[in-house]
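Letters A, B, C and D mark the chains in the order given here, with residues in each chain numbered from 1 onward.
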Amino acid sequence: MKEMEALRKTAEGAGHVELQTVPIPEIGPNDVLMKVYAAGVCGSDLLIQEDRHFYEAPVTLGHEFSGVAHQVGENVTRVAEGDKFVADIECGEGKWLGVTIDGAYAPFMRVPEHVIYRVPDHVSLDDACLAEPIVATHHLIQERAQVKVGDDVVVVGPGPMGIMAVQYARVCGARQVFLIGLKSDEKRLRIGKEVGADHLLYSEESPEETVMEVTDGKGAEFVVECSASGKGVRHAIDCARKAYEGPGGKGVIVFISLWGEEITINLDEVSLGQLDIRGSWSWNGVETWHHAIDLLNRGVFDLDPMITAHYELDEWETAFANLRSKQDVKALIHPNGRDWVG
Amino acid sequence: MKEMEALRKTAEGAGHVELQTVPIPEIGPNDVLMKVYAAGVCGSDLLIQEDRHFYEAPVTLGHEFSGVAHQVGENVTRVAEGDKFVADIECGEGKWLGVTIDGAYAPFMRVPEHVIYRVPDHVSLDDACLAEPIVATHHLIQERAQVKVGDDVVVVGPGPMGIMAVQYARVCGARQVFLIGLKSDEKRLRIGKEVGADHLLYSEESPEETVMEVTDGKGAEFVVECSASGKGVRHAIDCARKAYEGPGGKGVIVFISLWGEEITINLDEVSLGQLDIRGSWSWNGVETWHHAIDLLNRGVFDLDPMITAHYELDEWETAFANLRSKQDVKALIHPNGRDWVG
Amino acid sequence: MKEMEALRKTAEGAGHVELQTVPIPEIGPNDVLMKVYAAGVCGSDLLIQEDRHFYEAPVTLGHEFSGVAHQVGENVTRVAEGDKFVADIECGEGKWLGVTIDGAYAPFMRVPEHVIYRVPDHVSLDDACLAEPIVATHHLIQERAQVKVGDDVVVVGPGPMGIMAVQYARVCGARQVFLIGLKSDEKRLRIGKEVGADHLLYSEESPEETVMEVTDGKGAEFVVECSASGKGVRHAIDCARKAYEGPGGKGVIVFISLWGEEITINLDEVSLGQLDIRGSWSWNGVETWHHAIDLLNRGVFDLDPMITAHYELDEWETAFANLRSKQDVKALIHPNGRDWVG
Amino acid sequence: MKEMEALRKTAEGAGHVELQTVPIPEIGPNDVLMKVYAAGVCGSDLLIQEDRHFYEAPVTLGHEFSGVAHQVGENVTRVAEGDKFVADIECGEGKWLGVTIDGAYAPFMRVPEHVIYRVPDHVSLDDACLAEPIVATHHLIQERAQVKVGDDVVVVGPGPMGIMAVQYARVCGARQVFLIGLKSDEKRLRIGKEVGADHLLYSEESPEETVMEVTDGKGAEFVVECSASGKGVRHAIDCARKAYEGPGGKGVIVFISLWGEEITINLDEVSLGQLDIRGSWSWNGVETWHHAIDLLNRGVFDLDPMITAHYELDEWETAFANLRSKQDVKALIHPNGRDWVG
């Protein structure tokens, strides 16, 4: 048992993603060897495959993950063998697990102790695998701007971030949550409804008119743009609550998209309606991670409906294809299968 | 002396701006009859002429003004004959002085008392005529967002708002003020330098590179976009200080432009750099006006360099043309000439 | 049926509260005659009785109320006969319902239309009678400061405001809610637990030590002081999360108490721990009321456990006594009995 | 020249401050040996003498300082021999220069490079010695809360922090600055006036009445309490602008005092007037220090009037006595005399 199969980016350029046999990692005194339970397939994986995201080849991919401590370095104090844990992928000095150093699309992964967060036993490792999107959503909705009790909230884009944002808005006491998607997003929209959206709106059917009608012309106090489309930004501006007079700032739009190209929009209503826009990325360090673990611990979110498929490691091509075609919201790859942990 | 010449929008549609003979206004018990000293030519006047702004014809134009109380209604208590004053143009119920009801491009104007603000004797009526742009700038830079002591500030667009913003940033204790304009804005840029800009940058010469170089790669904590161009928005995003990690909000961009059309931009850096954008329009009611009068009173701004020309009423066509060609920063029309007040 | 019994402050000075026979109010064209269903007994009523609060005698007391439109003035458009409604007690021009003009401790009350808020049919009039405390709590916890998802929250003082604050903190996604009271508050503390407090702590038993222990020495991000005692302020400071380094503002204390006398405290930890304190009173006008009605409408709070007693109008002395002895959390007086409305 | 005289706390307990002969410090590869130009006498020095502040004896005192790099460790890159510099006193791991490790009341001091900030040549080392109070004031007035253009500002307590706050408020564009002191503070009050206070008020003469009168009953938007007295807190509450209605937060009080004992105050107006109080201590790390150096660099403050005396090292007893009796605002001790640097 000295070797294992790993899904790797083997060289620079488009493509070059394949299964390879590699040694099981050796750990140092400050490391933990994770036996990987689940690794979430993320849009960034697709971009790395397409050579449109940074990485350092050759490298084992997989940067959303959960697992169990299989072996523990001699200096490690915060984790014991058998503990469930997750980890921040930023290890410092430009080392990103699953991006520039070996990640979780393999049975075992080396993780430095300082980025590890233990997960309570009662939390399932499927759910724990979504810790990183929870971190991003917490930063988006609590740290960069706050949904307040009674706010009407519009979420543009029913991908994993959008569906998490729907749930998060509910946790914050939002009054009504509107979720906007394309007609081709029907499956994702239905999951959004299952986890708390009050209104499903189609981008093709002037969703801003419905938002204005349902809110008596007021608009939404909070809009989350995570569609990464120009039309999504237009919806965000059109749906936000305007303040044509007085102090302004009645409508807040949060961006967590990368569009990856120029978009064409009319920004006049941002000025006239005195809107706030806040870009969100990253998080507030350890503090945000502790919040995410606490939310997992308390079972605040209904994560199971978001996990739409489970794959073995050698089914990775299907998993990538189904995310690319938006069949899946969040798919998990289980390099050691699903049956070995309680 | 029952009639007077007034510059009026006489009918709907493009054009239809001309001098007409009209009766001197009669005032009610709650009104003051202003003898107009100065009326500032504003970009909105040009838009009304072109039928690209709201108005109600026929109407006397002129909505930035200063003057003296010529006659005072019997219920009026806050102004006496001979007092210098200015006024908010929003009279309530959709009545805007110089836009939907008769304004200041005429020797006399009726002003309801409740929108009037007295101006101390030691303030010149030329300067007082800039009260409204001061109100807008105060809202922009103190109420919607705050320039802090030590901030590096970039102002995009050296029009009247931009030059006022340069001065305001100085008053707030800004560290360095950069003013970006077109090469054809040379005259305006030089005025910007006269009133406090540390660096004049040309839009045509990658101004963001200079900003980043001068700030050691940090960028500007505060950017004011008042160029109303797509390129201006791109400059704003490029010059703002990014926060790729942590809480975000290190760079704040304020919009006071109306672009009037779609623009094409890449917003990725708004997300990645966790920027804040705040649209600004209007003001916080009476409180903002009191601040503007106080700033006039204290002589905080050097307004004279901004006033680049004075015209008689019958020179209005020249005044409009010189603003359209950006010859002038702020031009004043004096319907009663300039020599009648101390 | 031209006369009715009303509980009135009949003259200035201590005492002078008694039942009197008065005419049923006549209404003007812009008024509604409320048939009162419930009137909440408030600490202010006790203070008016004791001559320690402003009022204008003679006046019918009762300023927390709910009822039904019995008769509607000819200009009234927002309410029809038979509608359930509540109202803001501030009618403008210094007129306060139940304080300076006749209030709700009577079968009928005249209410000007402009302060009225309709209540949906499915909301019980018992619950609607708590609209005003909801308004105050919304201002406290959303408008003056925000409890964020994951915050640890301490509420000092288990009176009506404190118990509402416990519930509100839950609605905001608080992590853990601690409620501090005296040992003599046992009944109220138990109601606090019923509606969501995780930890009941006794003021007599160093509650700050428990808060610090349970939060691993971190302290509470948010503390609501509504005990109106010096000891309560000390608990608030001791329990709040300190930031001895860096930006500060990690711990926020909100005051909604009036102590009515000097208190003796050590404020050093406010400076050293860089705490924020925010006084809260009043509300943000119509906007706050709309939020309160929406919260009632959505059934966000469990109000029934807070309503600990119902009284007939002629039992008012018992009602006042039971509030004074803290037997009751919120007691309702029903001047028309409880059986006449669906 | 291997030994030097140093002013040291030689043992625990009250007293035990005296001149001793000690070796000139040896530096490591990451250290700089500062030839001390000036060391400011601070209230904390008096407290250490009285055993009322933390320290680790034996230790050379002196924690506000400026000087020149006399010798530079081999790994040091940011400072060269002959450079002027100052330093943060917090060296990490609980090591505080002049408090727990040897400080500046001596001709030479060892300073680790990572806490050093270079000072431009054109800044005098007298002024540079005030870098630390500038850091504290910047945190107080820009980072914990912001004085805005047009704010009326009250400063309570004319000590070094208060006089710096007066100047800082001016830099922020304050409208009027009021400085409150005791009648026995006459000398300090006059310095406050010299550097920018508009109104000097005596604590003994109801200063809040003057503030309210001069501001037409509005009060001050910003109050800095640095008197460390109960009466100072009462003045702060009384002078702050109240918001009895609406959103609140019109008046902000900043605390930078340690009172060291319980005080007796009435807090009702904090609730009723919806005031904000923010404790301030420490700073935002490197960012705040860079701002302080920039402010020194730009000559924003008039620091010379604050420096009321210069002493030789062997005059330390006089220096301590004159601070204790409030003869001095800021006194500097020059362990190498004043004539050796340009």
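We take it that a contact is a pair of C-beta atoms (placed from the backbone, for glycine too) under 8 Å apart; a residue touches a chain by one contact, two chains touch by 3 or more.
It should be emphasised that the depicted structure is a prediction, and the values quoted were computed from it without experimental measurement.
Looking at chain C and chain D, no chain is in contact with each of them.
Where chain B touches chain D, the two copies mostly use the same residue numbers: shared numbers make up over half of all numbers in play. Centroid to centroid, with C-alpha atoms defining each point, chain B and chain C lie 46 Å apart. Between chain A and chain C, the centres computed from C-alpha atoms are 41 Å apart. If each chain is reduced to the centroid of its CA atoms, chain A and chain B end up 44 Å from each other. Residue numbers of chain C whose C-beta contacts span two or more other chains: none are found.
Chain-to-chain contact here is organised cyclically: the chains close a single ring, every chain touching exactly two others.
Touching pairs of chains, sorted by label, consist of A-B, A-C, B-D, C-D.
Listed in rising order, the residues of chain B touching chain A in the complex are 143-144, 233, 243-249, 255-285.
Of all residues in chain A, only 138, 141-142, 146, 148-150, 168, 171-173, 175, 291, 294-295, 298, 300 touch chain C in the complex they form.
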